[in-house]
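Common to both upcoming complexes is subunit A, partnered first by subunit B, then by subunit C.
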Partner chain A sequence: MSHPTPLAWLAVVIAALAFGACLLLAMSGGGRVDIPWIPSLGIRFELEFDGLAAMYALLATGIGVAVFTYGAGYLPIHLHHAHRPRDDDRRFWPWMLLFMAAMVVLACAQDLIVLFVAFDLTAVASYFLIGFDRERRDARGAAMMALLVTVTTAVLMLIGAVLLSVEHGTSSIPTLIDVAEAGPVTTLATLLIAVAALAKSAQVPLHFWLPRAMEAPTPVSAYLHSAAMVAAGVLVIGRIHPLLALEPMVLDGLLVIGVCSIVIGGLLSLAQDELKQVLAYSTVSQYGYVVVLYGLGGPVAAGAAAFYVIAHAIAKSALFMTAGTVILATDETRLSRLGGLVRPMPLLAAASGAAAMALAALPLTIGFFKDELFFAAATERGPLTGIVAVLAAALTLAYIGRFWLRLFAGPLGIEPHAVPRLLVVPILVLGVLGIAGGIVVEPFARLAEAAASVTYGAPVAIHPAYHLDTRPENLMALAAWLVGAIILVAAPIRQPIVTRVAVLGGRLGPRRWYGALLQGLSRLSDAIHGEEVRDLRRSVAAVLVPTGVLIGIGFLATPSAWDYRIGDIGREDLPVVVLLGLGVGAALTVTRDPGRLRPVLALSVLGFALAAVYAVMAAPDVALVAVLVEAVYTLVFVAVFAVLPLSQRAAASAAHTARRRRDLAAGVIAGIGAFITIWAALSREPSQRGDALELIRLTPQAHGSDVVTVILADFRGLDTMVEITVLAVAVVGATSLLRRGRSW
Partner chain B sequence: MSSIIGVVAPRLLGPALILAAAIIVKGYADVGDGFSAGVIVATALALRYVSLGWELAERSLPVLRRAPQVATAGLLIALATGFAGPLVGDPPFTHYPRAGESVIHIGTLELITAVVFDLGLFLFVTAAFVVLIHHLARLAQGGPR
Partner chain C sequence: MTLIYALAAGALFGIGAYLVMRRDLLRVVLGVVVISQAATLTLMASALGFGAAPIYPLPSGAISDPLSQAMALTSVVIGLATTALLLVLVLRVVDVFRSQGLDEVAEDEVAQEATLDAEHALGHEDEEAAAR
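What follows is the complex of A and B.
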């Protein structure tokens, strides 16, 4: 039951190969791809494997290997629990791989448009991954929420990108950084991009999608919500940081949002009982640190931010996987029911303990250095940011301490059943990596330095190390551990406070606004739709009335619209006059005849008469189409009448008479409008624009003599292709609605 | 009325097919193209559906059951001719043989890629309409009894 599928192993192998390739590239000094993509807009498919790209690509592929391995063991059990077939993982692995590829492209993107496309690709893949358990309503809602929040804000990013490229004539980020100067347009554009990035990194007030996204299977959370999707946001900020830094106010805004995220995320994390919720809010808080560092600006902060992302990704993905393993082993998701797992699961306890220590910044872990650098950057700015930094670190220690201790210490809550080794080994690897980084920090520091140099725009050097003295960073770390330990121990005081914060947040928080907004939109759309489809007459009016109004506006806006001519009628016009007379007679029959079949036949006479007029007036293609349309209409009427019951005369009530009067008025107005419009059109000389003449001239060269056909099949072949594609989509849509997707 | 349709409909398919073929072949010299030809054949088929009912219509002409495959094939033919250009470095919907080059004639039919595209269009339009008629008819008249 728990054996991984070949597809899962394939995904692991691909991730491992990608990691190896990224490692080779990083050691050989990077690489570049630069090909024209949309030359008419000056957009190039520009990728460069620079320092920043190396760091995020290595994280996406490296954490990817660990999480994919874990997922290979996790998914069969997950599917088994949900009573789904084993091969349903084909709805999983392709999206995971697409996500990884999109992250790598995003990391390397040097053009704002490429950046945007990769950014949105991650959102699309995340939709399918979060909604993997699609039979559950909560999972579908969570996927939709994550998609809506990150994709609607991504549109802001596109607007920002367009603004920047219009203002500076390029969308290439390195060029923009060279040429851009502070100005209102640049500031607005960078702000828009920053909003998209902050929403992606689940920063307050757009953080609410992340806790909800915990509906996803655990490997998804461990990957997307620790090292990949949420990292995409800070990656973008790190990429365009020199543009953001043009306006100090933007950086200050980042600082404020980061601090809010740290505090709100930290407090709410303490209030949660569900394992994955604790970690989700912790992610909000942790990326708040990174945003604060980017808001501080400067080389030290840039280095610290990059290092922070590495340390956090390693620790958090290990903790998410721990949560998943515990949930699978005990079938329990609440911290309050669990405990004492250190004895039955010692290896897991040790591995996740190392990860928790790393996140809590205890010495001999990579996390110690992340806080050392963070404190250094914060004190550089001033005492206030220093104090906030200490409080932030204390909160982190408290919520991660609470998470680990509640899981593993104390009396045994629920006896776990055995889990496959694949659900522990990746956590162990990441835990060991967290410890190794605390002893040999050099490789990680070099990686962060290279990334920070891109962010800062000049070489950056960071020197994480242990110093046994009373420098401010060490004192701040001590203070943070002390305060954190107090918060951890003082559960009776702490819990009522954070619970109240959580209740208040639920009552006033942005998730409520999101719900209200969505419901309002849905109600508005329902109201409009309800009005439109109430009866057939309204459905028709919904199309014809706006058309008529638009034509009227067009008339008012056209100065020469009132030029009406009555031409001469010569002998050669006789066939047209006769046919039009036939049409008028048929039209009168339609309005006067009380029967059923005769009006239909009269309508088709009218139609065929008009088709004949087209044929006479040298528009044989239009005539052909008109004949076809008339034939189809008549057929449809006859087919419908064959099914309809015999007519019963409606009683002539007062309401009926009033409606008839209204119909008459509407008909007269529509008729006069159409008459005026057609008369106006016929009064004008047909415009001989150069384009049409050119096409007529070229027709013989295209081996044709019928211009319309040659246009359809050759000159405008692409348009025709798109049209039949639309038709294909419509047919597929109609069959799914009519017969639930059966093709026959 | 319905007896007229009952007599005419089954006999209409042959002439409709010939007309469609003529329209495609003569398309470049005279009025008509794959789309019109497709609608003509589809109309004749629709008339069969109306007069015979969907079960009998499909039993008497089993090829109708292949409509989804035919539609896919038509779309693929159109796509392939349209996007053969980019494969060899030309813009999409490049016309082969190029303007001025010699063309193989079979009567009035000229063998050029645009005609192949038109043929794909014809197959797709015909089959797509048949698929729609089939589903609507099944919905209106119920499934097999």
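What follows is the complex of A and C.
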């Protein structure tokens, strides 16, 4: 049951090939694609594999290989547990691959519109991945929440992109960075883009979708919620950072949001009992670090931010996969029931221990350097940010320590069953990578430097290394470990506090507001829907009134709309006037007539009168067709009356009379509006003679002599074909209605 | 003549709008017919030139605009198709709801929808899950 499917292996191979290609590109110095996409708007499909792109593309594909391999082992078991067929993974792997491709395009995008499209593609793929267990309502709800939060805010990003390109005449990010200057429009636009990016990176107060998204199968969490989807937000910030830095207030805002995310994410992570929830809140907190670093600005912080993303992605995806393996092995999701797994699962304990140490920034792991750089950037700003940085690092140590120790140390909670090797090996690889990065940090530092140079706009150099002296970074690290260890040990004091914070957050937190907002919207839409089905007349008004308003706006926007021409009335027009009068008079009788045959006959008087008008207007084709159609109308009505039961008419009550008056007023207003509009339209001087002369000239070449016929059958033949299709659809519809849906 | 055509088309539209707003489904259909007549008349009147019929051999002098005539023809035919479909719909509605009064039909429909909602209670399961 646990053998991976061929599709899974295919996905792994594709990810590996993509990783190899990205590695080759990164070593050969990148490459670029630049083709016109929407030339009329100056939008180009502009991709460049620069330093920032290299870093995020390597992460997306590299972590992708590890997670896909893990998923190849995980998914068959997951599907087996849910009593679903093995080949249901065809709803999984295509989305994972699409997600990876979207991430790579997002990393390389140099145009704001391309950036937006890739950004949204990741959200769409994540919707299907989070909601993979579609038979569970909670999974569907979680997917919907993630989609709503990230896509609604992504619209803000589009608005920001449009604002920027209208203001500066280009949507190309490098050009924008060159030409943009501080100004209210630029600030607003960058703020909008930043909101979208922060929501994607699950920053407070829009963080609540991420813990909810833990409904997803674990490989999805390990990929999307550690290295990819949430990284997309900080990637965008890193990409447009020079634009954000134009206004110091924006950077300060980032700083505040980042600190809030670190603190709230860290405290809530300590309060969680479910494995994946601990890690989800930890992600909120960890991306808070990156946002803080971007908020600090400057070359040191840019370098630290890039390095932080690398170190975090490696450690966090390994920890997510650990959680998944433990859950599969023990069928238990709560920390409080688990423990002592170090003896039955030593390899897993070691691998995830390395990852946990990396996240907690212990020496001899890549994580040590991430905090070293973080402390350096924080102290550069001032003592306050330095203290916050130490507290943040202490929190990280505490919640990751709690996670690992509760899982692997202490007495054995639940005896695990054996798990396939595929569920351990990728974790081991990432754990080894985390240790290797702590010994040979150069390649990672170069990668981060290249990325930071793009973010900062000038070459950046970072020198992560071990120094055995009392420089501030080392002292801060020592202080962080000490405080972290104290928090970790002081569980009896800690737990009541964080539980209270969690309860308070649940009561007053943004998720409540979001839920209330969504339910309000849902109720509003229900009310509108109810109104709409209850009353056709209002829906007629819903079409007529906005149309009238739009036409009114059109009038205001067209200064020449008020030129009315009466037009000459010659002697030869007299028959037309008389016939029109006859037709309108006949139509007027319909409004007063309660019967059902007489109104139809009156309408056919109107139709024949109009046909005669067309004949006088030198339109024999229209006149002939109108006569034919009028005859058919009358026949159809009479035929329907033959089977339509007579309705018992209710006696005219006061309410009926009032409504009749209201309808009459509305009808008069509609008529006057239509009259003014049509008169204005007919009064306009034709700017040119149109195509008519050309059509008349060409008719003999089409082997016809009646111009109208040739237009219908030849020059505008496609229109006529559509018209025939409409007729066919109407015939099919009418027939199947009459046959009550029975087959032929 | 511009004014006359506009007056006639406007009057027809007003009559049609009044009929469409009535509570009797049959009148609604009649209203749609009148409104499409108004549209055809407007199309015909919007010709860029009036004169002889555009049929070869062409006489000397002005010739009527063939394009607006072609469009009017299309509009007449499509009007017939939609009206026929509407009429059959009315026939089915009267058959199902035993009434051609809109108010009764709407009440029945709302009642029916409420029973359906109560039976399955699924209305907004997913939205509510997303809001929690």
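Here is the rule we go by: the second predicted complex is superposed on the first by the 534 of 744 C-alpha atoms of A that agree within 3 Å, B and C clash if a C-alpha of one lies under 4 Å from a C-alpha of the other, contacts with A are read in each partner's own complex, and residues count from 1 in each chain.
Here, a contact is a pair of C-beta atoms (placed from the backbone, for glycine too) under 8 Å apart; a residue touches a chain by one contact, two chains touch by 3 or more.
None of these values were measured; they are calculated from a predicted model.
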Would you check which partner chain A:701 touches, where first means subunit B only, second means subunit C only, and both and neither mean what they say? first
Subunit B versus subunit C as contact partner of A:519, first or second or both or neither: second
Looking at subunit A, does subunit B or subunit C touch a larger number of its residues? C
Would you check which partner chain A:632 touches, where first means subunit B only, second means subunit C only, and both and neither mean what they say? both
According to the stated criteria, A:712 is in contact with first (subunit B), second (subunit C), both, or neither; which is it? both
One more residue to check, A:643. First (subunit B), second (subunit C), both or neither? both
Going by the contact rule set out at the top, does A:739 touch subunit B (first), subunit C (second), both, or neither? first
Between subunit B (first) and subunit C (second), which does A:721 come into contact with in this model arrangement: first, second, both, or neither? first
Once the shared chain is lined up, is A:621 touching subunit B (first), subunit C (second), both, or neither of them? both
For A:590, is the partner it touches subunit B (first), subunit C (second), both, or none of the two (neither)? second
Subunit A residues contacted in one complex by subunit B, in the other by subunit C: 620-621, 625, 632, 643, 705-706, 708, 712, 720, 727, 731, 734, 738
Across the complex, what residues on subunit C touch subunit A? 1-15, 17-24, 26-28, 30, 33-34, 37-38, 40-42, 44-58, 63-67, 69-70, 72-74, 76-85, 87-92, 94, 98-102, 106-107, 109-110, 113, 124-132
Using the touch definition up top, name the residues of subunit A that touch subunit C in the complex. 137-138, 140-142, 144-145, 148, 514-516, 518-519, 522, 526, 530, 533-537, 540-541, 544, 564-569, 573, 576-577, 580, 583-584, 587-588, 590-591, 596, 599-600, 603, 606-607, 610, 613-614, 617-622, 625-626, 629, 632-633, 636-637, 640, 643-645, 647, 650, 659, 663-664, 666-668, 670-672, 674-676, 678-679, 681-683, 686, 689-692, 695-696, 699-700, 705-708, 711-712, 716, 719-720, 723, 726-727, 730-731, 733-734, 737-738, 740
Using the touch rule from the top, collect the residues of subunit B that touch subunit A in their complex. 1-2, 5, 27-36, 39-40, 43, 46-47, 50, 65, 67-68, 71, 75, 78-79, 82, 92-93, 95, 99-100, 103, 110, 112, 114-115, 117-118, 121, 124-125, 128, 131-132, 134-136, 138-140
Name, in rising order, each residue of subunit A that touches subunit B in their complex. 597, 620-621, 624-625, 628, 631-632, 635, 638-639, 642-643, 701-706, 708-710, 712-714, 717-718, 720-721, 724-725, 727-728, 731, 734-735, 738-739, 743-744
